[in-house]
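Mind looking over this structure? Questions follow.
Each chain carries a letter (A, B, C, D and E) given by its place in the written order, and its residues are counted from 1.
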Amino acid sequence: MSAHFPALIVVSPLMAAMVVAILAWVRPGACLPLAVVTLAGSLWAAAGMLWRVVVSGPFAYHLGNWPPPIGIAYQIDHLNALVLTAMAAVALVNLLATWRHARRDFAERVNYFYALYLLFCAGTYGIIVTGDAFNLFVLLEITSISGYALVGMGKRDAALASLNYIFMGTIGASFYLLGVGYLYLVTGTLNMADLAMILPRLYGNKVVTAAFIIAMTGLFMKMALFPLHGWLPNAYSESSSPVRSLIAPLTTKTMVYVMVRVALYVFPVDFSFGHLAFAQPAVWLAVTSIVAASLMALSQTSLKRMLAYVLIAEVGYMVGGFWLGNRMGMTGAILHIVNDAAMTLCAFLAVGSLRQQLADDSFKALRGAFRRMPWTMAVLVVAGLSMIGVPPTCGFFSKWYLIGGALAAGQWAFVGALIFSSLINAVLFFRIFEIGFFEPFAASDHGHPPDLAYAEAPATVIAPMLVTAAGLVVLGLLTGRIVTRIIDAAIPAAIL
Amino acid sequence: MNTLITVKPLLAILAALCLPPILASSRSPNAREAWTFGAALTMFGVIASMLPAVWGGARLEYTLVQVLPTVSIAFRVDALGLLFALVSSSLWIVTSLYSVGYMRGLKEHAQTRFFSFFAFSLAATVGVAFSANLLTLYLFYEMLSFATYPLVTHHQDREARASGRKYLLYILGGSIGLVLPAMLIVYHLTGTLEFSAGGILAGKAGAAQLTALLVMFVFGFAKAAVMPFHSWLPAAMVAPTPVSALLHAVAVVKVGVFSVVRVVTGIFGTGLLTELNLGTLVATIASVTIVAASLIALSQDGLKRRLAFSTIGQLSYIVLGAALLSPSALTGAMLHIAMHAFGKITLFFCAGAIFVATGKKFISEMKGIGWRMPLTMSAFFIGALSVIGLPPCGGFISKWHLVIGALEADRIVFLWVILVSSILNAAYFLPIVYQAFFCSPEEALFERRVQEAPRWCVVPPLVTAAASVALFFYPQPFLQLARLATRHVLGGF
Amino acid sequence: MKRFALLAVLLFGALLVYGTTDFPDWGDPSSPAATHVSPHYIRHSLEETAVPNIVTAVLADYRGYDTMFETSVIFTAGLACFFLLRVFARKAPDSRLYRHRATGITLRIEQGGRLPEGAREFERIDSQWVPYDLIIRTACRLVLPFIQLFALYVVAHGHHSPGGGFQGGVIFGAAVILYAISHDLRSTLQMLPERRTVLMSAGGVLIYAGTGLICLLLGAQFLDYAALAGILGVDPIMARSHGIFIVEIGVAIAVMAVMVSLYYNLASVGRFDEGL
Amino acid sequence: MTAAGYINLIIAKYNYWIYIVLMCVGLWGMIVKRNLVKKIIGMNILQTAIILFYVSIATKKGAALPILAHHIGAHRTDPATIINPLPHVLMLTAIVVSVATLGVALALTINIYKRYGTLEEDEIHDLMRNA
Amino acid sequence: MIWQLEFIILLLVVVCGVAALTVRDLLGAAILFGAYSFMMCLLWAIMGAVDVAFTEASVGAGVSTVFFVAAVFRTSRRSRD
């Protein structure tokens, strides 16, 4: 059975989504358990594949038993096995932590929410494992459409935010599709490995150059890099909390992964980094992205919007680190895909819990949060420390590699941007912690602060959050192993 | 020299991390404080048990986890680290006693949080002391920053918030803005972060780059409170006195200077610094801080603020000693970590005791207080003597070594700095004692002849004052360690 | 904004033009796209899958996995629309309109009242009711069976002519939509209730994915229809042909149901009472 | 290149020029138009333009439809005489994707209209600001 | 294929596309979009992409237009640009 994991990991959530949609009419109570079991199975399969890759190297799966350029092939290697495991874990933990919120937010439609959730996950897993450029587009659309629906069902202005998300997302996906079309035009193939074999013969072909730029622009749009980020803050802040903590860790990170995959495994490495003068502008774009998003985050007055901008800055980390073009920076970028997914999940889960219990997430509502919801705030502190980059949380280690890579590449601007963003993050998070810790002030100096009602979330919500928070530290401590066993093998040897 | 692999350093840190039992027993204060004592005693016991091995010239090592391909979170107990750990852990026991008296005496809120984070801070402090490489040191350094934040801002009022902000601004700004990049540059240049006796940077970078790095480290470890990165320390005095006593006279600030000493000796190496004459630069910065801080201390009326500025000056003695790079100066610097700790903690304890007993914070209100609190003020006197550096107190020993060191290094200027500042020390401490005993009390508050603070607040300063005196006559444990460390640093092995 | 947009669009156009200058000429049979992978399909699809329509063969077999997701995309869209629009808290309308079939007199019953179900001489009508149009209704009634028959033909004959599950499904769906437009939503819903559209759309995709899963359970790769040879009792190549047919049926069911469901939701704004 | 060369370039690839024009029109519509339905139309034009591009890739001059007759032996088929079927397959998928996106977009538009009572983006922004 | 015919269709595609974006009546725009899709479908049929053309005829010109009309019917016909 384990040989079929590459297909099953995508097909099982997909089929489960259909079954959930049917069960919603027949036996509504069975939907949630089915979804949880399916996602747990996916995580198990992903971990199994990661193990297999680490032990015995990459392997392929030929769907319909057609050899690769003729049919569609899935290629499991170190890079996608790692990202897949991370994303599967995120999806599972998020569902476990937020199903209560979902029940409250979606009421009668909660079962369809589970179905869309599963479809979203199926699409994301597929994007990660696929080895076919066009197949990736189809999966991308599954993810996107279910994402649009999930975002659109939020509160207040969610519909408009979601429609803007559709526009930007469709342009992004269309650009990617057009890029693939250009590549198909000059190579005649859609298989990534096959493309990588043919493309080295086509240096200097303007079509390839145009394909690269168009596809990258599309991906930048999808991952919300700075000037193309317009859709993200609204989409994330207007959606309801279970959706936010699903989409925020998965979408942008998956797109960064696709960028890595395309630039390393579809285009030849020396084309992406040598032939085309793309790396340098991309790093500068990332620097702008980090600085601008950090500054914009400072001016937000609600927690989720602030986090949304922090997220845009984090995208800048990954893009910049990747386009540094050296092994250390790339390691940092890939590591940060995993770490940032975990961090974002952790932060948004805490925000979701705060929002559920305090019914508001403006900064004002957070007054006294440390006393009212100590566990949730503890989780938020861990997430915040990780985003600031404090050891031993995982955020420190990816930042370590990113800055190290920037030093090795002599990109001082990127070093500066990373340090700047860390400091801004410290300001951002401690501003929140201060409100939660100090306010409301005691009536007199040195007096006891006023008593507040204890309003902690139920244990079923807290437990997955604590697991995530612990995961941040564990991931940080495992950095060495992840890098030497997995990421080192994921980066082509051509990159020094 | 031989290296032993042992889990003891980790045990010492874990001993302090007794948060779950402290939190679990939050409903029963006695049990909670018993756990704290247990942790403090266990930690001291574990650390003391490593003493014979280190005296015998061994190093104890333990690698916890390989976090990066070439860098791990690892512990190494050498003479310098053990000296610092010994000071911190022994004083924690005393401080725990004192905290119980102080916190209960003032009926402070959130005492469970207080004791938990106190233990957490000590774990981080010992972690810094036992770090085998710069990354581990940085890890515990940051852990300490965050663990002390709730302690500094314990009162949760507007003033505490402002102080907390300042505290984090300096500490985090320094560590993230300066130390982190500096550390990465070191890693980039050398590929390692291990502390080693001869330094790791020799021959890896040009003079200008090394100077920049050194400056980044010295200022970046803002806990060392080298001017102009000092102003968090007076601000942090809003904390309850046990916090000020242990953390801002011993743990936090000493972690700062300890880190500077470690970096100077373990990363740069004395040879490299001598060669580039970088020592003078650091020594000059430290001298300016010493003199300026002493002058400012003269003008402070708040007792704790005056002590804070005194601390700033005294810390720079240690930096100065390390920067002079001569054997006696290094020994003196390391010794000063211990000697100053005992002296200064006595002073803080006394300040706290006065506050608990009378509610007074300002020196101008303390005329004649010696007649009301004779024991406390006697301890204060001894502590002051030790910090000034007069016999028969431990402070004399370390200052003596520093003076000799300055002569050895043939830097007469710094000799004068030490002497002038000692006179200034005397000038801001002795009048307090004089006023306390020889001025008549002005207020009706002092009608009753003798009324000391609660027992738990009086005993600890007496103990530490006695220890200060004892260290003059029997400085062996620390002196031996400091000499070992110096020999090791200068490549004696 | 307009100027910025124009600039962005022109820049993008310039990039496309730049790329186009290196394109192979239009319709060039020796371009890479025509010589690398696709010749395999042209040469071998008939012998490997026994399906003369190469597009169908590639769609449902060589790249069958893509098509499964394509169907899932459609399903997702249907589910998404339902999720976004469906009004669950159904409140009874303030008034109901009934029309007497014979005379055309309209009855308005307020405060939630209704005529008994058995009152055959009355029919319920929409608030925006267009006068009874004999020509349209009759024409639609006449045309509908043929459209549906044609849809089935398109599905069934997809192996040999243009068309297949997707087109057939859309046409069948369009037939239902036509009925809904020419009559009213209420009678259409009686014919094809909402619940059935959801079940059919999910079931259609399940047929597709299930076929793949059966192949997998029979020991072959996912969607390797040749593994069905044992069950179907034919040789592996014909099994591929039959496999393609099975999944086409799944696609047709799913697409038909989703198209109808999309229409229901959009036309009634999720209330499922009155259509266009 | 001579003038004749340019004309040749234009004629030889005229399908490609049309798709570029359509793509720009669609993009322009999406960015500039303030009406949400217009934006959706722009989005669809963009998507069909890409489909046109793919279909153009597939054509071969003078080639037959990609449907074989049963009696033709497979090996007798010359790939140059049959239109490339692969882009057609891909574009079937793309059409489905575009109709799916359209459905969701229209559903959201209806929801937006329910909430704000208008489809003009700037009017909605005014409403949001005043709320 | 008669190139004049193809040329006219190409021209009509562009005209219909631009017109669908510019008319102020959304119902008109929806119908024009249907015409655009139909022209596109003709174009593809000419290019030999019969399956794609078939799909576009049923989806683009058929069902999509119905969806547009339904949505416009349920919202508003008015457009300011």
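Keep this in mind: a residue touches a chain if its C-beta (ideal position, glycine included) is under 8 Å from a C-beta of that chain, and two chains touch if they have at least 3 such contacts.
Only a predicted model underlies this, so the values are computations on that prediction, with no experimental measurement involved.
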- [ ] Identify the chains adjacent to both chain B and chain D in the sense defined at the top.
- [x] A
Open item on the list: Just to be sure I understand: the centre of a chain is the mean of its C-alpha atoms, right? Then which chain's centre is nearest the mean of all of them?
Closed with: A
Open item on the list: Quick check: more C-beta contact pairs at C-D or at A-D?
Closed with: C-D
Open item on the list: Taking the mean of the C-alpha atoms as each chain's centre, how many Å separate chain B from chain E?
Closed with: 78
Open item on the list: So the centre of each chain is just the mean of its C-alpha atoms; given that, what is the distance between chain D and chain E in Å?
Closed with: 11
Task: CA centroid of chain A to CA centroid of chain B, Å - done: 43
- [ ] Find the geometric centre of each of chain A and chain E from their Cα atoms only, then give the gap between the two centres in Å, rounded to an integer.
- [x] 38
- [ ] Any chance you could list the residues of chain B touching two or more other chains?
- [x] none
- [ ] Indicate the residues of chain C shared as contacts by at least two other chains.
- [x] 16, 21, 23, 31, 33-35, 37-38, 41, 53, 55, 59, 63, 66, 69-70, 73, 76-77, 80-81, 84, 162, 166, 262, 266, 269
Task: Shared-contact residues (touching 2 or more other chains) in chain A - done: 134, 138, 141, 145, 148-149, 152, 159, 184-185, 190
TODO: If two chains touch, include that pair; go through all of them.
DONE: A-B, A-C, A-D, C-D, C-E, D-E
- [ ] Using the touch rule from the top, collect the residues of chain D that touch chain C in their complex.
- [x] 9, 12-17, 20, 23-24, 27-28, 31-32, 56-61, 63, 66-70, 72, 74-75, 77, 79-80, 82, 84-90, 92-93, 96-97, 99-101, 103-104, 106-108, 110-111, 114
Task: Parts of chain D lying in touch with chain A, wherever the complex brings them together - done: 23, 27, 30, 36, 39, 43, 46-47, 50, 53-54, 57, 86-87, 90, 93-94, 97, 100-101, 104-105, 107-109, 111-112, 115-116, 124, 128
Task: In the complex, chain A residues that touch chain C - done: 4, 7-8, 11, 14-15, 18-19, 21-22, 24-25, 61-66, 69-72, 107-109, 112-113, 115-116, 119, 122, 126, 132, 134-135, 138-139, 141-142, 145-146, 148-149, 152-153, 159, 182, 184-190, 194, 198, 205-207, 209-211, 213-214
TODO: Spell out the part of chain C that touches chain D in their complex, as residue ranges.
DONE: 1-2, 5-6, 8-10, 12-13, 16-17, 20-21, 23, 25-31, 33-35, 37-39, 41-47, 52-55, 58-59, 63, 66-67, 69-71, 73-74, 76-78, 80-81, 84-85, 160-162, 166, 262, 265-266, 269
TODO: Spell out the part of chain A that touches chain D in their complex, as residue ranges.
DONE: 134, 137-138, 141, 145, 148-149, 152, 157, 159-160, 162-163, 166-167, 170-171, 174, 177-178, 181, 184-185, 190
